[in-house]
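Notes for the one structure printed next.
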Amino acid sequence: MKRIKIFVSGGTFDKEYNELTGSLFFRKTHLPEMLKLGRSRLSIKLETLMMIDSLEMKPKDRRLIVKNILSTPENRILISHGTDTMVETAKFIASQVKNKTVILFGAMVPYRFGSSDGFFNLGSALAFAQTLPVGVYIAMNGRYFNWDNCRKNKVKGEFEKIK
Amino acid sequence: MKRIKIFVSGGTFDKEYNELTGSLFFRKTHLPEMLKLGRSRLSIKLETLMMIDSLEMKPKDRRLIVKNILSTPENRILISHGTDTMVETAKFIASQVKNKTVILFGAMVPYRFGSSDGFFNLGSALAFAQTLPVGVYIAMNGRYFNWDNCRKNKVKGEFEKIK
Amino acid sequence: MKRIKIFVSGGTFDKEYNELTGSLFFRKTHLPEMLKLGRSRLSIKLETLMMIDSLEMKPKDRRLIVKNILSTPENRILISHGTDTMVETAKFIASQVKNKTVILFGAMVPYRFGSSDGFFNLGSALAFAQTLPVGVYIAMNGRYFNWDNCRKNKVKGEFEKIK
Amino acid sequence: MKRIKIFVSGGTFDKEYNELTGSLFFRKTHLPEMLKLGRSRLSIKLETLMMIDSLEMKPKDRRLIVKNILSTPENRILISHGTDTMVETAKFIASQVKNKTVILFGAMVPYRFGSSDGFFNLGSALAFAQTLPVGVYIAMNGRYFNWDNCRKNKVKGEFEKIK
């Protein structure tokens, strides 16, 4: 069984409710407890690179992600990411990484909230990481999209093919 | 996008708590609400064949499942199934179905209970159905197994390769 | 069994996550489904007066609440309310309402989020409404407080007696 | 603030799903985590006397409960209990305990399951324990019942007055 690497970057997926301020914030990733809840028996190595809203992601953050993808020994990689700029990050990764299977995924609603799609998306992203050939993909809504044929429909709140 | 067919057979996955009797029972499948919660945008057709505990599954039930796999037009098929005899059903399907991708999946804990792996498993099963070649597979614990190289470890409560 | 009236005013209690904007907002109150989940067999009449954050509550809103308390035939009254100005509203009600049992309650975390105290608080508020004498009270943290001996400790995120 | 004593006896309230056997069982009480989730700031002392289904409760078990009620210094007491024989235990306690406020409570669905009333019932039981006079009561369905005017309607799955 080949090891899968998960890089955490933040996004809606990992947001929590701060009961002292009434606002959403980041503490730490929920991925370890989610993998446990899913009874995952995959070989996974997890690393948090940043915990930010994807609207605040800057070129240096994307460079850091690429640097880590290139330097990690694993060839099958998941990146948890906010949905708003997921396609932009995918595009940048695709321009820099040529020989790995990279899956970006996230959630429309924070995992901590009852109505989250996060746990479902994690399941599908891990499956796609094991089965898709080399390339950069987005896994959302039960589907996978090639990085260059995907956009977020902000009215419907879902991902769709461009053509 | 090719349509995926989901056949429901019952299993722990869909069990509920009967508050009048204090026992577990089946009402109807939770899959439609789970697909909605997962914001699935896949083309899916769902059909309930039976709602039974997999320990009670008889040869005629397995024949009914195979009959439906063969007669449905879709070539990518999910079967929700109890974990106790999932491997046995997979074996029978593999002996009868030669040209479709069939994924059996389930849950260790009913979806209705807080600690369920069902939503995660559904996400991965749907992803495997889209990406694996023709064959019969079991999707549990974030992994996929060929039908002839898989067993349920009843002490650990997880699936593992035989060799 | 005497009927209890619940007036809904909004607050953290009823906030939801807007997955299109990533922010918290109000749709409609969750109280009917909560009463059903609690298997409540109390005689309850529910009315939504407003759906606002308690930091945005203005004198005219508080006058509307008092007007409704005075004009409704029930003598046992619950008011769902944001925690930030709950004490202020309680004080105003106490200055205007002299012959009813009024309980203000809310939640530190929205009911929709896994870590909410809302369902517990509703249970205790309903019990206090049935048993406390005429007066204006705040029910939070499993406790009840007289309106004139209560403050929100914003550092700890809990209610406490003043003296 | 007077301290409240909670005696745990088991019941549906605390049942969990055993994923290795597919049956319901007891591990340990969920009350401490529930009190934390409810942000309870009450002074509470919790003690587990037994973890059994109330249909299996024997005279010696009820004597043990009474013995503990009489010997504990607190005068406000909660007892978590299965619903099937809750009234019977209440009757026995009432025959032996004359000077304390004793509240029996439970749940129709285990706390661990999404559809549980347990968290709501705990909130109301704690409130009743603070406000009701000396006596033995059952707190379910948002209501309280005197021990000698209560029965479980097993068809409806709720508690009701006898007369």
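Order as written gives the chain letters A, B, C and D; numbering starts at 1 within each chain.
Basically, a residue touches a chain if its C-beta (ideal position, glycine included) is under 8 Å from a C-beta of that chain, and two chains touch if they have at least 3 such contacts.
Values in this document were obtained by computation on a predicted structure and should not be read as measured data.
Trainee: Please report the minimal path length, in steps, between subunit B and subunit C on the chain touch graph.
Mentor: 2
Trainee: Farthest chain from subunit C, going by mean C-alpha coordinates, please.
Mentor: B
Trainee: Applying the document's contact definition, name the chain pair with more C-beta pairs in contact, A-B or A-C.
Mentor: A-B
Trainee: Where the centres are mean C-alpha positions, what is the separation of subunit A from subunit D, in Å?
Mentor: Result: the chain centres lie 44 Å from each other.
Trainee: Which integer distance in Å separates the CA centroid of subunit A from that of subunit C?
Mentor: Chain centroid spacing, subunit A to subunit C, equals 39 Å.
Trainee: Please work out the Cα centroid separation of subunit A and subunit B, and write it as a whole number of Å.
Mentor: 26
Trainee: Note the residues in subunit B that touch 2 or more other chains, in rising order.
Mentor: Within subunit B, the residues that touch at least two other chains are 108, 115, 157.
Trainee: Could you list each pair of chains that touch one another?
Mentor: So, checking each combination of chains, I get A-B, A-C, B-D, C-D as the touching pairs.
Trainee: Where on subunit C is subunit A touching in the complex?
Mentor: Subunit C reaches subunit A through residues 12, 17, 19-20, 22, 24, 53, 84, 108-110, 112-115, 154-155, 157.
Trainee: Please output the residues of subunit C touching subunit D within their complex, sorted ascending.
Mentor: It is residues 1, 34-35, 37-42, 108, 115-117, 119-128, 130-132, 139-144, 157-160 of subunit C that touch subunit D.
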